[in-house]
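Given below, in the form of structure tokens, are the structures.
There are two complexes below, and they share chain A, which is joined by chain B in the first and by chain C in the second.
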Partner chain A sequence: MSKILIYPTNSLVLADLVDRFGHEPLTIPQEIRKKVTSVGLDSPPLNITPEDPKIGLKYAAVEVPSGVRGRMALIGPLLEKADAAVVVSDPEATFGCMGCARTNELVNFLIRAKKIPMLELSYPTNDDDARDFVYKIAEFLQSSEVLKHE
Partner chain B sequence: MEDADVSKKDVITKLIILSSRHMMPGDLLYKIYALRKDVIVKETCFGAEVSGKKEDVNSLIRDIRILDPYGIFIKERGFPIGDLRRCRATSGGGARPGFHQIEAEAATLPLMSRALLEYDMGVKPTTHEKPAKLDVDVFKKIIADCLHSL
Partner chain C sequence: MSKNVKIAQLSCGTEYSGIQPEIEAAAKQVNAEMVFADVDYDDIARIEKDFGLEVASPDLKLLMARAKSIVDGKTDVDAVFVATCFRCAEAALARSEVRRYIYEKTSLPVISYSFTERTTSGTLLTRMEALTTMARRKSLLARERQTGLTAGIDSGSTTTKCVIMKDNEVIGTGWVPTTKVLDSADEAFNIALESAGIKQSELDALGTTGYGRFLIGDKFSADLVQEEVTVNSKGAVFLADKQKGDATVIDIGGMDNKAISVHDGIPGMFTLGGICAGASGRFLEITARRLGVEITKLGDLALKGNSKNIEMNSYCIVFGIQSLVNSLSTGAKPEDVAAAACYSVAEQVFEQQLQEVEVKEPVIMVGGSSLIAGLPKALEDLLHVEVHIPKYSQFIGAVGSALLVSGLVDTSKK
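Take a look at the complex of A and B:
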């Protein structure tokens, strides 16, 4: 079972497909769960502490908005663990403020910079696209470049 | 602190989202109860949320998927069920964070259901040739023609 980073990092469809084809999806709720369910919260209610932007410093410079560094504190550990990635390019639901938009750009850059096997797709809008979407993901997840990490 | 935290960290929450012709959220709930697993279950408008120890939830998910392999979609959720930090009843209304991603992807679930069924039946996607990008010289000629006709 390889660890597959998905982008958007909270995608239902991608997380389900990766799980369905026998791999572990790396999704942002996993990191959020670790934060919000810790016994004895350091910084209630969401346990976002001053340490988080410091973790983000590993991925983005200090001049970068703290929102990007804060988000990278959650997404960064997932990137470190990833054996491969499935990326949906320009998903409509990921538009947002500078923090969100720049984080998305940075995550996409870091996935490419890590030089892990990557599949890039678009969300399907009709049956033909959906068939292609599922087929490509299934073939990618069963390919030797992904399976060699098992 | 780390040791005391282990049992809490083992508890995961998953969202079960239905796009099924055969099953409504109420039916799903009865099926989950019938499996007699040691999990907390909440019925929702889109399906159900289940929370419990990782191995219990994962085993339940495996059993649930069999009921409708192409109509049940699953993703992880960061916050526990009924968490006051996320519950809309206590947060003054509005969509829960994460809702918009699910809403955007819910539209593609019927397409995914059909595509997964066809993938399992061995249907290969029809290849669509993408139209080639416009050649620069051709584009220059179009511009020149347009300017000439003014």
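Take a look at the complex of A and C:
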């Protein structure tokens, strides 16, 4: 079983796919409802304190907004554990969504910089693309570059 | 217990910055609650087109969608608080445009704030207090005349001021440097009572404001304890006799600065700056000390000088002052240094605060620093408008308190 970072980290679909292929999804779970009633789209599952953005200084300098550093305090440790990553760009909010574009840029960079196996996909917009999307993820999760970490 | 006020929170980054509990604590202290407009994902998907601003961050799309929900009347709130991370350019654009959108499309009071993880409920309290006052006490804020015999005490970070007012006139004043908050308030109050020729027991009501407002409010059993944004707005338009229509009130204080858009005497958008001492009256105090002149003489000295003759490489109260000292050592004239110091403070207020409010004439400058003549002059040069300095401008908070508290006396008598 490999540890697979999924991004967006709150995507239940991606987490489920990774789990089905026998790997451990590294995720920040979140309930998705029809209406957004929480403070943000990716409201944290636990109470973040002002100490967390300081922990995030490990990943981003002090001139980086505190919201980015607070997110990195949660996502950074997941990234450190990851053997591989599946990243979906521009997803619909209902699929899973990180609230901050600057965090997205930083996380994607850090995954690439870590040089772990990484699958980058665009969010599908029609049925054919959706099938292809799932097929590519399945293929990646069963590939030798991912399985070698088991 | 005052009416509960619902404040719509339009924000990006408050949770991951760890300050959401601080925002809610500040709101709770003024008997308000933060509410989050429910929006559908479809609303969020459409909002860039509907609102007209394209942003990459989904939480900013949520922020704009919630703003539209308020403007469309789908969300019932009394006031709006817009907050995004400090140093995020995309968020700053969205915050500014959303604040303007709410201001133009609704009659709701709105403030905006850029935060860091160091933002505390204490920092937010004055802003929340002003916001809820605007929502809760519109009838009181509409008051244009002072009636009866009332007093106002303004316990500021640098000085404590007191005025006694009777039938719409200031009849006594007291002004002392703030040392021990209660002792200074006592002293200023006694001086004002003496100059008015009355006893404390004769007063109909007393209002307090400023940093020490709660402490001195308790001590004197004040009828009204009110933050500075509200009382300064009221005091400024009252003293400048500009109670109808638009106005902009600027107060460069010892520890923070206020820039307030006012309409018919009621504050609308406002900013409170309080991070950098280089943009405060304190910078001018230190400059005066280095030049060996009284702070009261610094302004007149500045009027004789030319700020352009001095090279200042920093706004910082340490390095900026060092630039001024260095220029003196190379033969610069003291009057040019005084002018440069005034210009430096005015420029920072212009760049960092006046961009956040609608500057509409008349511009009324108040507070002790308004009497440092070089400062309003520098602001006039930057804004290209006339800056009004009303009589008793240094007592602005105390006057506003005395004026507003007289409204409470009338209410209780009715």
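Keep in mind that, in the parts below, the second predicted complex is superposed on the first by the 124 of 150 C-alpha atoms of A that agree within 3 Å, B and C clash if a C-alpha of one lies under 4 Å from a C-alpha of the other, contacts with A are read in each partner's own complex, and residues count from 1 in each chain.
The definition used in the following text is that contacts are C-beta pairs under 8 Å (C-beta built on N, C-alpha and C of every residue); 3 or more make two chains touch, one makes a residue touch a chain.
What you see is a predicted model; the values in this text were computed from it and never measured.
A.B. asks: Which partner does A:109 contact after superposing on A: first (chain B), second (chain C), both, neither?
C.D. replies: neither
A.B. asks: Identify the partner contact of A:37: answer first if only chain B is touched, second if only chain C is, both if each is, neither if none is.
C.D. replies: So A:37 meets both chain B and chain C here.
A.B. asks: With the two complexes superposed on chain A, say which partner A:51 touches: chain B (first), chain C (second), both, or neither.
C.D. replies: The answer is second: A:51 touches chain C but not chain B.
A.B. asks: Let me test your reading of the model: by the given contact rule, A:68 touches which partner, first (chain B), second (chain C), both or neither?
C.D. replies: A:68 sits against chain C, while chain B stays out of touch.
A.B. asks: Regarding the shared-chain residue A:138, is it in contact with chain B (first), chain C (second), both, or neither?
C.D. replies: The answer is first: A:138 touches chain B but not chain C.
A.B. asks: Touching A:95 in the superposition: chain B (first), chain C (second), both, neither?
C.D. replies: Touch partners of A:95: none, neither chain B nor chain C.
A.B. asks: Just to be sure I follow: which residues of chain A are touched by chain B in one complex and then by chain C in the other one?
C.D. replies: 34-40, 92-93
A.B. asks: Write out the stretch or stretches of chain C touching chain A in their complex.
C.D. replies: 9, 11-22, 36, 38-41, 44-45, 55-59, 62, 85-88, 90-91, 115-118
A.B. asks: Given the complex with chain A, which residues does chain B contribute to the contact?
C.D. replies: On the chain B side, the touching residues are 1, 4-5, 8-9, 11-13, 15, 17, 65, 73-80, 83, 85, 98, 100-102, 104-106, 108-109, 111-112, 114-116, 118-119, 123-126, 128.
A.B. asks: Show which residues of chain A lie in contact with chain B when the two form their complex.
C.D. replies: Listed in rising order, the residues of chain A that touch chain B are 8, 10-13, 15-17, 19-20, 25, 27-40, 45-46, 91-93, 123-136, 138.
A.B. asks: Which of the residues in chain A come into contact with chain C in the complex?
C.D. replies: Chain A residues touching chain C: 34-44, 47-54, 63-71, 74, 92-94, 97-102, 104.
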